[in-house]
Every structure is written in structure tokens, then in C-alpha cells.
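In what follows, subunit A forms one complex with subunit B and a second complex with subunit C.
And now, the complex of A and B:
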């Protein structure tokens, strides 16, 4: 029996260790293959110059701009919506309806992104085109609207969680003092729950940045630097999907690893941020 | 925010938000069913081919979803089959064996792994395939196996997290009972902790299945193709349901293919929605915390 114990522990340890190695390995592999880019300051050049393959310029600045614009607009749209929905679920909504909304939102997290992209192409894009009479309708605004629907459920579930963690004694105190539900929400729950709200916000942003299909299908994939919300744009993720057919040894292909490294670094940053907020919350209690 | 008017404003705003989001979901559902509802049926899946012949692989299906569905099924079985042993073992290690700095470090790494965009995992899988092709074996190129391995990486953190959370949720008194009676650590895990944590672990597995079935970004880089028929070998190309929906949206040839795309979207939506519904049904609360880090 002792022996089985040791073998099992060794097996579990190896599994965990190899999973951890995989995480580092993905980064390492990209760093090694993208190494020619990382030397003598060329990474900065790649990150700040435009994408003009005919002239031999393979900068990913337009894609960086596209990602930042689309993801931040999506989160900007999703945040107030999510806050409203979470408040409805926890405080202001009637019980049965609040429960129903919560279930609906949970199921919405399981809707495949390609479905949102598909419906976006055939339903949202024509509407945007008709409304603004600007280009094909495949633009930053369309992609951001679609992404907002995609990230909202995640944000709502985290907001609801953090609202419900506000100590019951404080909630009861407001009730005892004759406070209305809205007062409870604005003066007790929101000020208490802000670390959870930030966590949800950051994770929503992470999802918006990491999503490929919606931007690829709806944003139009132009490599020009976008100037308005109705311009077509390309994200880092869509760029990877579009350039993958290029020759493996080419400089063009190498820039994909720059995209990959930026996305990876952003992920690591969001994780660290969320953890810092989490620790701050624990410390405060 | 003093006075009645302000209160009504806040409540009204909450109602508006609460109606808007399910409204969007209804729009998506309604639009798909309106446009593609009439395609639902055996013909959508098997086209003109006889279903029995198709199922027995006697005759190929050209204008139906059958090859894509078989492709997705084999992909899910392979990927989840690869990820389950590693993921659950690693989850057990995280919950029961690791302590202190090692636990913190691994936990941070798994959070990062969970957050890596799927397209980056796809890029990794593609590069590995090309690397192997160049340096080790001419026969390896992006294929079903590469896709499955990449997807396994993608769902690994979900499995680890759900297993860990489920095991850590077992009450302290129950955790101490078997060791007090003389059981070894492994016996305790095998006979007490795992059975108790099983609902959580299973819902993690179901979520991983849903994640594998819906993912498009990884597979479009690692071997999925528009027309391949039913996959015969894990070293070849294959079709998949989400990729079919994607290709129809970007380059459909005729109205018939478009309506098949709507049909495919409905099938995929109900497949993934159903899997999530089951997973949430098994373990209702806190699932999203396990899925999206923290």
C-alpha cells in the first residue's frame, strides 16, 4: 500500500509539473522562434511601424491599435450593462425574475463565439451599414457591439458574486435603518464590492482582447490605422489567423510571434492585476 | 441619489439592462431559427445520402453536416481524452499535495494558461507541427492529432481548477475521517475525497467538452479544412462544426449552402448551450470562478 501511495503521488506531481512546464513552454517556444525579432531593438520597431508587406515593412502597430480600440470600446459598452444586470439580480429585481436572469446569463457564457460572429455578419452588419451609410458595415463599432454581448455574461457573474459577498450584517443594518434597496446598492454594496467589480472588468477585458472570431468575421480586417469607430480594423488575434498561410521562415511569419508574445504578456498582466486586487481584498478584511 | 425620482431612475436602469441582454439572446435565437429552422431535419445532416449508409461510412456525405459532426466528435473525444488524466491528476496534486510557494507558483501559472487566447495556443500548435515536420518527421503536418493536443492544452486549466475547487470544498471533518481510521493518503483520496467531489469534477469535464466543441480559433490554425469528409486517420485533415459555420459566413457559394450554415449554427448553439446547461445543473454555483481563474 505504501508503494501505491508513492506511485500515485509521483503521478500527480508529474501531471502538475508538466502542465506548469507547458505554460512556460508556450511562451518559450514563441520567444525562441521570434528571437530574430527580439534582438537589437527590432521588437520596438515591429510594435510601432505600419504593415506594408510590399515595401518590406511588417510592423504590427495597426493591429495593436485595432485590438485596443475594439476591446476597450466593447468593455466600455459592456460595463454599464453588466453593472445594471448584476444590480437587478442581487438587489432591485423581483426574486423569480432575478433568478431567471441569472440562469440566462450562465447559459449565455456557453454560447460559442462563432455563433455571435455568424449572427453579427448577417444581422448586425447590415443594420450598421444602413444606419451610418459608411463602408461595408464591417467596422470597429459592429465588432465592439458583438464583443460586448460576448463579455457581459462573464462580467455579470463576477459582479453578482462580489455583491453577494458583502457581509449580511451590513445589509441587515441598512434594512433596519429603513434604507431603500437603491440606497443599499449605492451606499453599501457598491463601495464594498469594488475589488470584485475590478476583477470582473479586467477579466472581461481579457476575454475581449483574446477573442479571435468576432473581430475576424466582423471588424473587416483592414491593415490601415483606424481613425473612427466606423473604420474597418484588424486585431492581433485576427492577424494571426490571417497570416498563418505565409511561409514559415519569412519575416512576415515571424511577426506573428510578436503578436503572440504581446497577447501572452497581456494575459499574464491581467492575471497579476486580478491577483493583486484579490490579495488587497483579503488584506482589507 | 436622493429622492424618489433618483430611485426610480436607478431601478428603471436596472430593468432596462435586465431586459436588454436576454433580448439580445432572443434576437440571436429568433434570427437563427427564423432563417434556418426549416432546414432542421435528417437532410441537414446527411444531405442526399441514405442515413444508414452514411452512418456505416459506406457512402460519403457531400451536402450535409455529417462529416463536420463526426470531425467535431472525434476532436472532442481525443482532446478531452488527452486532457482528463493530466488535468485531474494535476488538480488532485494542487488540492491535496502542494503547499506554500510551489502551490502559489503553479496556481499563478495555471491562471496564465487559462487566460492565454486560444489563437495563441493555435499558433503554438501550428509552429510545433511545422517544427516537427522540418526536423523529425516528414509525415507530420497540421492534422487532427495536432488540433486535439492543442485543444487539450486549452482545456487543461479548466480541468485542473474544477478538480481542485471540488476537492478543496470537501468538509474538514469528512477529510479527516478515513485517515483517523488508518487509511493512507491515496486511499483517502480515492475512496472518500474523489467520490465526494465527483459532481464538481464531472461538470468540469462537461465544460471542457463544450469548450472543445465550440472552439474555432485553435483548430483553424492546426488542421481543420473546409472539405475533408469523415476523418479516417488522426494524421489527416478533418471538418468541424464551428469551422463550417465560420466558412459559410465568410464565403458561402449559394443560398442552399447559406441555409445549411444557419442549420449548422443552430445545431452548434444547442449542443454547446445544452452542455453548459448540464454542467451548471450538476454544480450550480461558482462554476465561473473555476472557469475564469481567480
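And now, the complex of A and C:
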């Protein structure tokens, strides 16, 4: 038995070590390839200027704006939807219906992104185009709506889990005091489950920022700085997918590493933020 | 009730007959140029130009049916990707819808094989009433100066411009020969392949875009440029000016299986596939 323990421990150690090395290694790779941008002081220029390759300008500001707008709008749409859905599943919904909904949501988390993108192109885009009479329908709003559908299952499952971790004794206490389900949700479950809700929210945001295909298929990929929700826009991820083609030595290609570093830094920051919020709350209690 | 029971059986028998007949036809048709692959085995990796894909897929299918020992993979990415990947040795054949530049040929020692000629046609949605444009109007549209279909005799709707990314050979040829290297507005929508362009235009009644003439079918309507409609005939005769060669590039002189694949593209059967897919034979 001891031998088995050793082998298992070694296996776990290798797994932990290699995943950590991969994460750090990828960052190192991007930092090395993006280094020329940092040294000649071009990073700020790249982050703030427009993308006009024919005129030698390779700024990624329009893509930054596109990513921020699409991802935050998607989460803004998905958050109330997910919170409501989770509350229904755990607290207010009748048993069989809530169970069915929960299973449906679990299945939805596994649907490949390209399916959502495909449905978006053929169903959502024409509706948006004909409703608002502005542009091609391939726009920030369409992409955000589609992304909201993509990220909500993840958020709902996280919310449901954190709701269910609230101690049963407290829930029973509310019932004993004659509290309604809504009171139970507002005064006991939500205040207790808040860190889990934040974690789900941030994970949803991370997924929205990191998703490539929906934006590539639906947002229109224009390189102009968007001025309205109905304008076509390009995200950092879609930009990388579209430009990966070009010359490996060119400045154009190098700026892709700026995109990569920004995406990486964003994810790292949000995760750290969530951790800090989580531990601060635990410490306060 | 009996006719209901008969129907599926009949149609099944009919499709079975069609199937058998087509297998017969197939084996007759395939016993030709694919003979040269007899006894060969191995893999060929192809990537690059998206205009080439229908021909590459059909050629790959026929060769792989004739000789199951051969594996051929066909990927897109655009002309820039094709040239880059074949140059870096990531694929065996890199397709491009433009002639590789002198730099690219020199740097990688590329060998070019131009096996067909293709046009790049301006297309709109079939519901659009605008069917012809002058080159100046086209330039104005793509520069973002002409923004409403009404100004061209169409509906009172904003023009939705679609373009390709910089790795696209189709874009390179369109930009050079149709736009005279004019500006393409930053507000244009970007699509990543000829196929994606076609489905974008087919879905957007107010769209304008450009595709390989080989990709034009009933889902999109070609627009006459200075009075010339982009078709096989006008590209062939040279009256439609926005044309280019379709190239398959290898690093250095190809050998073995790759050489045979290139030869197959130039064989009567390979050229017939190119013609069937809407391109003009290079021979």
C-alpha cells in the first residue's frame, strides 16, 4: 500500500508542477516575444492608437474597446438572468420544474461555442439588423447577447452551488420564524453566498473576455473604434485569430503579443481580485 | 394504405440504384489520373488560400478513394498563411491566391505552380436591385464616402461593407486591381474566408463584398464592374480585369507524393475539377 501511496503522490506532484510550469511558461513566451515593444517604448503607443496597417499604425486600442464593451455588456445581461435563474432553481421554484431547469443548464454548459455562434449568425443577426435599422446586425449588441447565453450556464451553476452551501440550520431557522422564500433568499442566502456569487460573476467575465469564436462570427470584426452598441467591433481574441496569418517578423505580428499580454494580465488581475475579496470576507467573519 | 408502405421501399430501391450506378461511374472516372498514386502511401498537408479549397478537397477525395494509403489534409488560413507555413516547413503545399512576392520566393526558395486562373468579383445579396457599378463608385463605397444604396439606385439603406483580413490573396488582388490600392474604411466588417464572405453576403440584404468568381452561386449576385459582369467567360477572355492566378507553392522542387499531387492538379482530370469548381484551366 505504501508503494501505491508513493506513486500517487509523485503523480499528483508531477501534475501540479507541469500545470504551473505551463502557465508561467506561456507568460514567459509572450513576454520574450513582446519584449521589443516594451523596450522601444512603443507599448503605450500600441495600446492607445488605432489599427491602420496600410499607414503603418498597429495600435490595438479599438480591440481593447471592443473586448471591454462586448464582455461587460454580456455579463451585465447575463448576471441578473443567472441570479434569477439560480434563485428559482434553489429557492422559489417548484421541485420538478427546478430540477428540470437545473439539468438543462448543466447540459448547456457543454454546448460548443460554435453552435451558439452559428445560431447567432442565422437567427440573431438578421433580427437585430431589421429591428434597429443600423448596420449589418453584426455588432456589439448581437455578440453580447450571444455571449450572455454562453456564459450564463456557468454563472448559474456557480450561483446554485454557493446558494446550496448555506448551512441548512439557518435555512430551517428562517422557515421556523415563518419567513417567506423571498425573505429567505434576500436576508439569509444572498448575504451568505455572496463570495460564491462574485466568483461566478468573475468566471463569467473571464469566459466572455476569453471567448474568440462568438465575436469572430457575430461582432463584425471592424477595426474602427465603436461608437454605439450597434457598431461592428473586433475583440482582442478575434484580432489574434485574424492576424495570426501575417508576417512573423513584422511589427504587426509583434503587436499580437501585446494583445496576448493584455488578455493574460486581465485574467490574472481578476482572479487575484476575487481571491482577495474572498479571503477578506472570510477574515471579517 | 398500401401506397404509403410502398413509397419508402420504392425510394429506397431507387436511391440504392443511384448509389450503385454512381459507384460504377466513379470507378470508371477514377481509373485514370489517380493511377499514378498506385502503390504510394503517406501524407500530404495543404493549407493557405481559401479560394483553392473546393478543388483541393475534391482532388484529395478522389486520390484518397483511389488509394486509401494516402492521407491528405486541407486547411485554410489565407494566402499569407499558406506561403508562411510552406516556407517554415509546417505544410507540404502552401496555396496562395496571389503570386508570392520576390522576397517570399527568395527567402524560402519557393517553387510556384499556377494551375488555374480566377477572378475576384464584387457581390451583393440577391434581393439587392443594384447590379452594376463603376470602378469610381466602388472605390468611393470602400473608402466609406458613398454610404447609402439609394445613391446607386437601390433601397434607402446604409451599405454594409465586408472585407477580408490582410492575409487574404483575394483581398490583395481586389485591393490592387479593383480599388486601385485605394483606402478600405476601418468600419468595414471583416470575414475570415471566401466561404464566410459568401454566407455573410447571402444573409445581409444590404451587404457588398467580394469573392473568388469560383465561389459565386445563386446565393449571391455578381455586380458588373464598369459594365462587365464577373463570370468564367469574361475572366477568361480578359475583359473582366480583376483576375489572378491560383498558385500551389512548395519549398524547393517537390518530390515523391507531393510532386505527384502537383502533377495531378495539372492532369486533365485535375484541370477538369478546377473547371467544375468554377475556375479557368491554366493549360
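Assume the second predicted complex is superposed on the first by the 260 of 285 C-alpha atoms of A that agree within 3 Å, B and C clash if a C-alpha of one lies under 4 Å from a C-alpha of the other, contacts with A are read in each partner's own complex, and residues count from 1 in each chain.
In this text, a residue touches a chain if its C-beta (ideal position, glycine included) is under 8 Å from a C-beta of that chain, and two chains touch if they have at least 3 such contacts.
What you see is a predicted model, and the numbers here were worked out from it, not measured in a lab.
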Checklist outcome for this item: subunit A contact check, subunit B vs subunit C, more residues touched by chain B
Next on the checklist: Just to be sure I read the superposition right, which of the two partners does A:274 touch: subunit B = first, subunit C = second, or both, or neither?
Outcome noted: first
Next on the checklist: If we overlay the two complexes on their shared chain A, which of subunit B and subunit C does A:199 touch? Say first, second, both or neither.
Outcome noted: first
Next on the checklist: Per the contact definition in the header, classify A:50: touching subunit B only (first), subunit C only (second), both, or neither.
Outcome noted: second
Next on the checklist: Tell me the contact category for A:234 with respect to subunit B and subunit C: first, second, both or neither.
Outcome noted: second
Next on the checklist: Which partner chains sit in contact with A:222 here, subunit B, subunit C, both or neither? Use first/second/both/neither.
Outcome noted: second
Checklist entry - Touch check for A:106: first (subunit B), second (subunit C), both, or neither? => result first
Next on the checklist: Quick one: is A:72 in contact with subunit B, with subunit C, with both, or with neither? Answer first, second, both or neither.
Outcome noted: neither
Next on the checklist: Output check: A:157 vs subunit B and subunit C. Expected answer is one of first, second, both, neither. What do you get?
Outcome noted: first
Next on the checklist: From the superposed pair, tell me which subunit A residues show up as contacts to subunit B and also as contacts to subunit C.
Outcome noted: 121-122, 241, 244, 248
Checklist entry - In the complex of these two chains, what residues of subunit B are touching subunit A? => result 1, 6-7, 10-11, 13-18, 20-22, 24-25, 27-28, 31-32, 35, 85-87, 89-90, 92-94, 96-98, 105-106, 108-113, 115-124, 126-128, 130, 134, 153, 156-157, 160, 184-187, 189, 210, 213-214, 216-217, 220-221, 242, 245-246, 248-250, 261, 265, 268-269, 272-273, 275-277, 280, 286-289, 291-294
Checklist outcome for this item: subunit C contacts subunit A in the complex at 77-78, 80-81, 84, 157-158, 160, 162, 165-167, 183-192, 199-200, 203-204, 206-207
Checklist entry - Quick one: in the complex, what on subunit A touches subunit C? => result 50-54, 62, 121-122, 125-126, 129, 133-138, 216, 220-224, 231-232, 234, 241-248, 252
Next on the checklist: So in the complex, the part of subunit A that touches subunit B is made up of which residues?
Outcome noted: 1-2, 4-5, 8-9, 11-16, 18-20, 22-24, 26, 29-30, 33, 80-85, 87-89, 91-93, 97, 101, 103-119, 121-123, 149, 152-154, 156-158, 161, 180-183, 185-186, 199, 203, 206-207, 209-213, 217, 237, 240-241, 244, 248, 256-257, 260, 263-264, 267-268, 270-271, 274-275, 278
